[in-house]
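Chains: A, B and C, in written order; residue numbering restarts at 1 for each.
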Amino acid sequence: MSFRPEILWSDALLFLLLAAVLAFVLHVRRHEHLRAPWLRVAQSRMGVVTAVILAGYAAIGVLDSLHFRPALPVAAREPVQYGNEVLSVLDVLAEPLRLRVETTYSEPFALHLYAKENLSLPDGGQMRDYPRLKYGGAHLADTAGRAGDIAWRAAVGVLWGAGLAFGFWLLAALSQAWRARGFVPAITQLLRAPEAAAWRTALVTLSLLLVLGSVLGRLSLDYHILGTDKVGQDVFYLSLKSIRTGLLIGTLTTLIMLPFALFLGVAAGYYGGRVDDVIQYVYTTLNSIPGVLLIAAAVLVAQVYVETHPELFDTAAARSDLRLVFLCGILGVTSWTGLARLLRGETLKLRELEYIQAARAFGVANLRILSRHILPNVSHLVLITVVIDFSGLVLAEAVLSYVGVGVDPTMASWGNMINGARLELAREPMVWWQLAAAFLFMFVLVLSANLFADSVRDAFDPRAGGRA
Amino acid sequence: MLAYIVRRILYAIPILIGVNLLTFALFFVVNTPDDMARIHLGAKHVTPEAIERWKTEHGYDKPLFFNQVEQGVGKVSDTLFVDKSLKLFAFSFGQADDGRDIAREIGVRMWPSLAIALPTFLVGLMAYISFALVMVFFRATYLDFAGVVVCVVLMSISGLFYIIGGQYLLGKLWHWVPVSGYEPGWVGIKFLLLPILVGVVSGLGDSSRFYRTLFLEEIHKDYVRTARAKGLSERAVLFRHVLGNAMIPILTGAVVVIPRLFLGSLILESFFGIPGLGSYTIDAIQAQDFAIVRAMVFLGSVLYILGLLLTDLSYTAVDPRVRLE
Amino acid sequence: MNGLALHDLRVEIAAGERRLAPVDGVSLAIGPRECVALLGESGCGKSLTALALMRLLPEGLAITGGEANLNGIDLFALPERAMQRVRGGRLAMIFQEPMLSLNPVLTIAQQIAEALSVHRSLKGAAAAEIQRLLLAVGLPVDLAASYPFQLSGGQRQRALIATMLAGEPQLLIADEPTTALDVTVQAQILRLLKQLQVEQGMSLLLITHDLDVARDMADRVAIMYAGEVVEWAAREALYEQPFHPYTQKLFSVLPSTRRRGERLDHIPGNVPPLGTVFPGCRFQERCAQAWDRCRHEAPALYELRPGHRVRCHLAVEARPGLSRPNLPQSSEVEPPADQPALLQVQDLAVHFPIRRGLFRRTVGAVKAVDGVSFEIRTGETLALVGESGCGKSTLARGILRLIEPTAGSVWLAGMEIGRLDSEALRRKRAEMQIVFQDPFASLNPRMRVGDVLEEGMQALRPELGRAERKALVVRLLGQVGLDASAALRYPHAFSGGQRQRIAIARALAVEPKLLICDEPTSALDVSVQAQILNLLKDLQREHGLAYLFISHNLSVVAYLAHRVAVMYRGRIVEEGAAPSILSQPLHPYTRLLLASAPGQGLPQIAVFSEKFAQLGCPFAPRCGDVQPICAERNPSLDTWQGRRVACHLYG
């Protein structure tokens, strides 16, 4: 099958972010004093476990960001045509989940729909009953065998996962083999040595994740493990697709606001006087507008713009993607003030420090003082803030989508899932699985991010050392 | 002191002007009234005449900054900028798309909002401080650690979950309180309990953990050591010295939100069907009623600046260093 | 049993698997009405010993051994509740930082009342008792309703003392009570403590790093090193015949007028870090007299003679043939007399505006520096002396144009600095450099030492290539006595003294003619101070550097300076050759400073109002020789017998 890669705006920004992270990692590796706090993060078990979980989320998000347009089936010798449908690598991997759409709600692991329909009986008559699902558990001839079937498939999943995990352990040992002089010493080192504790924790976490993933993956091939939604889409698939949205909101916002916050905060603190007055005025003004309202106003305005300029967007994906990027931008505008104020305060303190005075006594240029003395000494604050802000932004997406000023309603996101499910709450019996799935996926991500943020803060902020 | 207050008020004026210009730019320059009319009319009914009629009906049929047709002062005053933006300073908000007077609506709807927001604020503040104090009292023990874990878990749960969970458990399953609704007066209290509880719980993790760090920061100060060296009991040290000093940032940090309590909470009010300003705003956003959104943005800014002023005043009230210098 | 008996105290920190003992077997005895000084350099465990006695150790540290008996009470065995009655009652403690040790939001009276309510049931009589306590510590009664921020440093320390006296303690622990205070205030507080000790019949445990303070106050002295008491003797015995090699070194590293021509002795190496395992004597690595036995056997606290104990094998084993090391004598460097002035400062003023009212109009100015004139010649050291807040650091920054001066002019090697445009000023900066007080704040923690040293070269000597810069870095490090490998490390790997050397090397990198030293040794221990002072002297001899040496420490000034200028409230009040000023001060303020220096007994220093007059001589409210004219006219700095003095008494 031929295809054409498609780079959406948010993809480009995400790859830019990944490149920046990679450059940052390489930079840190080369500097002992930058490496030290990260080693402290690695020493905390919580930090390693949560980092692995976050990496799992990130991997799904990245897979879902490699977009392309498949070629339309056309007759031979005609020029290749590409459809308007934009797919991602994740969509391909999860194709069974994506394509097995029922007609409406069904419970997790259900064999029947959640609504009665008119069924035609073999004898030509009609009756109202819960019909069998088209895909979920369709292989079962006998509905009573469901429990055993699930257990059997889950066991197969565990084996898959264990095999994968074993592979990773071997890989880790192999990568250390040349340093440990031999494969067997490498394995013993990995299993025993106290300095390999962080690697062990990471590998154990990874193994558990792999087993869990394999079980879910295996089961989801034959069942809707988290049920289906109103139009019959697999909720597990929607939850996975929502990961990218949540991650992008949490990271792109930072990427967009960081340059402003850094530059304006540090400039206000360092130069003082009129510069400080102007910058303070700008952020007090922005701060004074209630955040949700500013976002709402901006998103409404953007919506009007998109609706009046349909010619600019050739696919639905591009339209909803631009709205996502715009949302990140406006979230950035409302959230840069906090970091800017923090940086301003810290710079005010640093400016009076003697090493800055010494640099000024050498006539070192202001820009150089900013880049060599101030920025490196506020970078830990930036890092801590970014990590802490991430979870707040992920949670904010849900609220904004509920208010109607979040991501595009057609985009998979936890906020949209909650919003869609809310209307069915009054239904008896309740449709609970869509809500539960969204909350669960969000909770694991946010909790990991919060705990990781704690580890990072403890490692980077000398004042907070040993307090939490 | 008086000069200080006057200066703060004067300082607020350019900020309000800034907010005003920003919203005007957002609502009238980036998107013209024509765009607005198109959205409201829907794609099928867009004709130049319909647009003009909509604009006339809603008072958008004027130039932005300069009116060529008018005479004298009217050239500047009979414009959208004066009509829609500058008049906000006189709290003249104009009419909503459904023709109702926005200022009157605000006057009516702020009371239900306050009925939720004020108790949530007060009960919350006390709950957060108490919880933080308990953790600090048992600092460096398993109780403290468990408290922090609870805080982090609570922080990691979406606020929407508390609402939906609360409605399901307390309303639907146990029938302790009505799921939603509102009634003015004392009989309406049963409608308020759940939203207040949800409001308090959803802030518990974040705030208690923050207050705990404030307390811990204070507890390591030299004067606390002096207090211990005097022979004060741990309780006296904690309540008189640590709490006394940590209350300064806590109170002054809390004061800033008090004026904004009028605006209510968007989410809570909408879920619980409270006819307050929060649900008013959310309805306006969903109906794309720009006049209401503009009014609320301006009102929010005014109240925020009022909050800043109150913060400064509260500093002078509780901190002798500020009061006497 | 009377007084305090501390036996074999051990304090431990749990650090992972290891247990570190910053206090390791300390024993002390303090009799009733006796003052014992616990003396040692930073990190030796003296403050932790005191906090352990109060059972107020910071979190993470714990008493793991030893007994403390205060007048029959076993302090370490008491339950916490009973210990609360002892704290502030029988046993009280005052701390180093008076600025931080009082609760900022409670009044002085409230804070004293708290202590009274815990330890004495006075009820209605409490107010009278508060007044009595305030008077006892020499504070005016009307300060009772004040908040701490309204008081000066000395007043706060007095208030803290009053709080601690409220419980009528039998033993008062004073942890560096005057280290953060000016020398004149220090003299007053020390005298107050001594007087209270005698009048109230208290015991006093004074913790200090200052040999002179201990000499004025103590009956017996314990010297601590690396968590142990190494010498324990009556004051007279210790000061006349110090025995332990470490104690001897502490005396011989002190600068003073007598040592002007000499190099100061120093202690090689650094204090061993916490967690070092000592097979033998803890001091042996730095000891010039150590021999084999010291390396393998830890010495006990031997009794040299009754009442004089020493932790040194020399006390029991005579070591023949050991000679005292000879200190290299360096002849005094005198600046060549015929040189023209390198730096000329004329009527320099730095004012900070005071803004008030509705529109923040400037209603006045803080005159931090108010018309200062002086000269320094090549190769000369001018010491600038004065109490904190007198404007000496602002003056230094004003000369360098790190702060823009309000008025006056500064000429460096014939060029007026104030008139240079920014590019010319930048180039001129190579000729004048500064070394700061705080060795921890003066180096960027995120830059390697090599980059720190190269920064100035890159800015001011662009002609140097990369290789030349690297070579120069190595040479500079050698000059200040550091290894070339230091260039690759980050500042946190170095001790305070080493960092100060790096800071000096950084300044030297651009080959300045004038080096401004802003209290370069006041944050350092005395043994390290000696190294820095020796280094500064060597550099002056080799490069003919001129120093503007800012200090509040008169013995350092006496050792180093050729000339001295005394500053008071933004003005120079007396200036002249160092020996003559220090032996025959003219201005009443100079006389007060000299009389307040510790180590001369406890002189009676009159406490005058700390307010200052708007008109006339700013020193008049504190002056003992005040005349009617002093209230009317501020005296100008006039020449008088080869010096310049600003006082109506002369001229």
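Operating definition for what follows: contacts are C-beta pairs under 8 Å (C-beta built on N, C-alpha and C of every residue); 3 or more make two chains touch, one makes a residue touch a chain.
What you see is a predicted model, and the numbers here were worked out from it, not measured in a lab.
With A-C and A-B as the two chain pairs, more C-beta contacts join A-B. Relative to chain A, the most remote chain by averaged C-alpha coordinates is C. The centroid of the Cα atoms in chain B and the matching centroid in chain C are 52 Å apart. A separation of 55 Å divides the Cα centre of chain A from that of chain C.
A separation of 29 Å divides the Cα centre of chain A from that of chain B.
By the touch criterion stated above, chain B contacts chain C in their complex at residues 3, 6-7, 10, 140, 221-223, 225-233, 236, 240-241, 244-245, 248, 318-321, 324-325.
Interface of chain A with chain B (complex): residues 281, 284-285, 287-290, 292-294, 296-298, 300-301, 303-305, 307-308, 391, 395, 398-399, 402-405, 414, 418, 422, 425, 430, 435, 439, 442-443, 446-447, 449-451, 454, 463-464, 467-468. Chain C meets chain A in the complex at residues 60, 397, 400, 402, 425-427, 429, 432-434, 436-438, 441-447, 455-456, 459-460, 490, 492, 503, 506-507, 510.
Within the complex, the chain C residues that touch chain B are 54, 56, 59, 81, 84-89, 92-93, 95, 97, 100-106, 114-115, 118-119, 147, 149-150, 160, 163-164, 166-167, 357-360. Chain contact summary for the complex, chain A toward chain C: residues 32-33, 353-355, 357-365, 368, 372-373, 376-377, 466.
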